[in-house]
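Next, two complexes with chain A in common: one pairs it with chain B, the other with chain C.
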Partner chain A sequence: MEFDFTPVVTYFPTLLKGVGVGTLVAIVVAFMSIVGGLIVAVISIYTNKVVSWPLRFFIWLFMTTPLLLQLYFLYFGLGEWILIPAIVVGILGLGFHYMAYNADIFIATIKSVSNGQYEASRSLGFGHWNTILYIIVPQAFIRSIPQLGNNMILMVKDTSVLSAIGVAELVYASQYAISVSFRPFEFFIVIAIMYYVINILMELGQAWLERQTAYRR
Partner chain B sequence: MRGWGVVRENNNSNQGKAMDFNLMVEVTPLLIRAAWVTIDISSRAIFFGFFVACGLVFLQTFRFGPIRWFARGYISVIRGTPYFVQLLLVFYGGPSIGLRLDPLTCGVVVGAFNIGAYMSEAIRGSIESVDKGQSEAARSLGFGKIRTMGYIVLPQAASLMIRSVGVLAIVLVKNSSLVSIISVVELTYQAQRLIGSTYKPLEIFTISALMYIIIVYAVMGIIELAYRRATRYTTQ
Partner chain C sequence: MSTEKQTDTPMVEVRNVHKRFGDLEVLKGINLTVNRGKIISIIGPSGSGKSTLLRSVNHLEVIDEGAILLDGVQVNRPDMKGLAFERHINNIRQNMGMVFQHFNLFPHLSTIDNVTLAPRKLKGMDKKTARDLGMEQLERVGLAEKADVFPNWLSGGQKQRVAIARALAMKPKVMLFDEATSALDPELVEEVNRVMRSLADEHMTMLIVTHEMGFARDVSDWALFMDGGVVVEECTPDKLFSNPDQERTRNFLQKHLGNNH
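Moving on, here comes the complex of A and B:
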């Protein structure tokens, strides 16, 4: 058992390309899941049951079934209708999955904003939707930052699962190099270290963001 | 399709229908068998993971620094890297350091060591959330260290612990789908294979999602029962 990290050094640019694709996916998914989750939460709280129940059903469905199953469903399901690249399927799958988780958080935090805020704002002349948009949602958003941060850290780790449907992120990028060099252990150790570093950076970022917004909570 | 138990002969009879119910009935036995594998892997991983977690909690009580640092570092690394990568590392990378595991064992072992790290944090958190006055009072009344833990602190921590460990158990059941990557024939693997052979993603997804939902709700039921039993003497 001797280790040989030279193939890893040789294929390091490929791995970095994989990190790039993973980062791109993560950024798009973060944006999509936070904005989408907020919209889903607001709609499912403030509209009638005909609209809100299907939304809650989808939140529940995405939260109780595993990500990989959803990805396979989207991959084969969408593949029947249109030809779309794996990366789009990956972004949509991961995006919907975490949209459901984020919506669940937003529903809880929107409900935690005191009803007095709504009443005061209405009495000052804000309309119903203006109150929601300018008074309720900003307060709820600040309160959900810690949990959103946790979800986004989980999401970055879950980008590795996308390699199962052929998205060219870090794990997938290493497949060719591993099959050529026969050094799976060294490659996966390096990949794990890369994820660990990204994870630590994200945790630091989350702590910083929480400190910055603490006084508003 | 041969050997997988599903043969679809006249595709035309189902054209235009929203859902192919015959197919759904046909694949259900296969998916139930696969669901048992999911339950098997998850329950074993939770069982062994509990011991890993207890070990990690115990190591963190040591006075000797390096042992504590080892436990902290282990927890940090496991929580900081994807479960998926851990699985691939042990399954494909393991043989080069002399660790040869069959897929099922690998799934259980990695699952146990993964959930152990998360669980140890949950257990430590719930023990620390018990008021310090409780253990001080018990010590001053003459209880030993072990008895204070066993009779005073743990029963109070149990209710919190059950809920947070239960959430982790549900996460583990869902994460067990990743074991399909190392070709364990569990629910997601079977579902993916059936989707690939029948090209009916909606039908297969419905049945397999239903099974995951049943498993998750069963776990939630068990947690609720355990929680009620742990809090039967407490007054709200």
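Moving on, here comes the complex of A and C:
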């Protein structure tokens, strides 16, 4: 089999556009899933069962069903009622999915902060919620960085699943080019390299962040 | 306190305090007064209730009966609920410095931020004023040069001194020490004791739960021996450590001081 990368070069601007869309989705989803995951974790730990059980059910639901199915539910389910752009559905679906995974991490790390920290803060005069805000959550967040990093790398790879509902990220962008050039392998190789590079950069970033916070743990 | 020493007003009053953990009564009607500027030490075997008593003063343990007062204001308020009590206890605690056995410094904050967090957030102090105040407190415990270091880089003794500075930064009316040197390597105990002695020289009101008999004897105005949830004996430290009235006190001291005599 002979490789011919000319079509890849021709359609490279399209692929880059796909990288752009994927990156945009990933950044919004990262922000949404980390902030949302933290809020879900705090609420599910520190409030009563009426509030926390539905949230735990939400976490359980998103962690036990496939992402693709969740996206179909949101896209075609919501599509029955209102017309939402695929990219918004994709961000919401991926966002909720990883929000559940991140909440699961935060729940574990928040619980791992010793009670002595809570008592020391309260003994200074900080209230319950101020203690959570200034003392518990920052420490839990630092402890969460390694696992959060892993989740975000998985998430970046999962942006490719959004091609199933027509979000023009990298994989979707390549499909038209493949269908006219009949050169799937060349495209797949280049796309794989692109994901590889992005994720290596993310791993480097994660390692740097871990080094920057190691002495604060 | 003995009558000749009651020259001042009470700072901490503990009145007939009872505390139960399930069926186990760990405090069985404790009475105690710490006068302004005085230092009281509580000694006793583990499980005697001495730590529970100290934690009750800070309301880290909720007492079942009795009353605790700080400078005439009742700390425990069974009549208050929810947010009203939360505000009340937060205000009370700002006037009490608590030092823990395991330091409990905030590892995500530098030394100076550990000291200044409460003044900034609770008293609304601006960063510059808070830093000056924090440096002053760190100088007091001899650690000004460690201001921008994180707790994990400090020795146990240094951590405890920072914890004392953190409590002092709120300008407390009383300092509570819960076995402040028990988790330290023997060679690090003295640097913490030195800081506590300097507070004594400044007439800080202190309530100290300790296993350091020699230190308690040196520094205290009054000493209590607790066992089984009651105050077995209280008197001047010299009498308590050299010539106690009670058999239980003698037995305890023999076990702990046996080798030193």
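Here is the rule we go by: the second predicted complex is superposed on the first by the 217 of 217 C-alpha atoms of A that agree within 3 Å, B and C clash if a C-alpha of one lies under 4 Å from a C-alpha of the other, contacts with A are read in each partner's own complex, and residues count from 1 in each chain.
Going forward, a contact is a pair of C-beta atoms (placed from the backbone, for glycine too) under 8 Å apart; a residue touches a chain by one contact, two chains touch by 3 or more.
Note that the coordinates shown come from a computational prediction; the quantities given were computed from them, not determined experimentally.
Contacts of A:Pro138 after superposition: chain C is touched, whereas chain B is not reached. Of the two partner chains placed by the overlay, only chain C lies in contact with A:Arg122; chain B stays clear of it. By the touch criterion defined above, A:Phe76 lies against chain B but remains apart from chain C after alignment on the C-alpha atoms of chain A. By the touch criterion defined above, A:Arg216 reaches chain C but does not reach chain B. Counting contacts as defined above, no chain A residue meets chain B in one complex and chain C in the other. Chain C makes touch with chain A in their complex at residues 58, 60, 86-87, 90-91, 93-94, 96, 98, 100, 102, 104-109, 117-118, 121-122, 150, 152-153, 163, 166-167, 170. By the touch criterion stated above, chain A contacts chain B in their complex at residues 1, 61, 64-69, 72-73, 76-77, 80, 157-158, 160-161, 163-164, 171, 178, 183-189, 191-192, 195-196, 199-200.
Put simply, chain B touches chain A in their complex at residues 77, 79-86, 88-89, 92-94, 96-98, 174-178, 180-181, 187-188, 191-192, 195-196, 199, 201-202, 205, 208-209, 212-213, 216. Contact residues on chain A toward chain C in their complex (touch as defined above): 114, 116-117, 119-128, 130, 134-135, 138-139, 142, 215-217.
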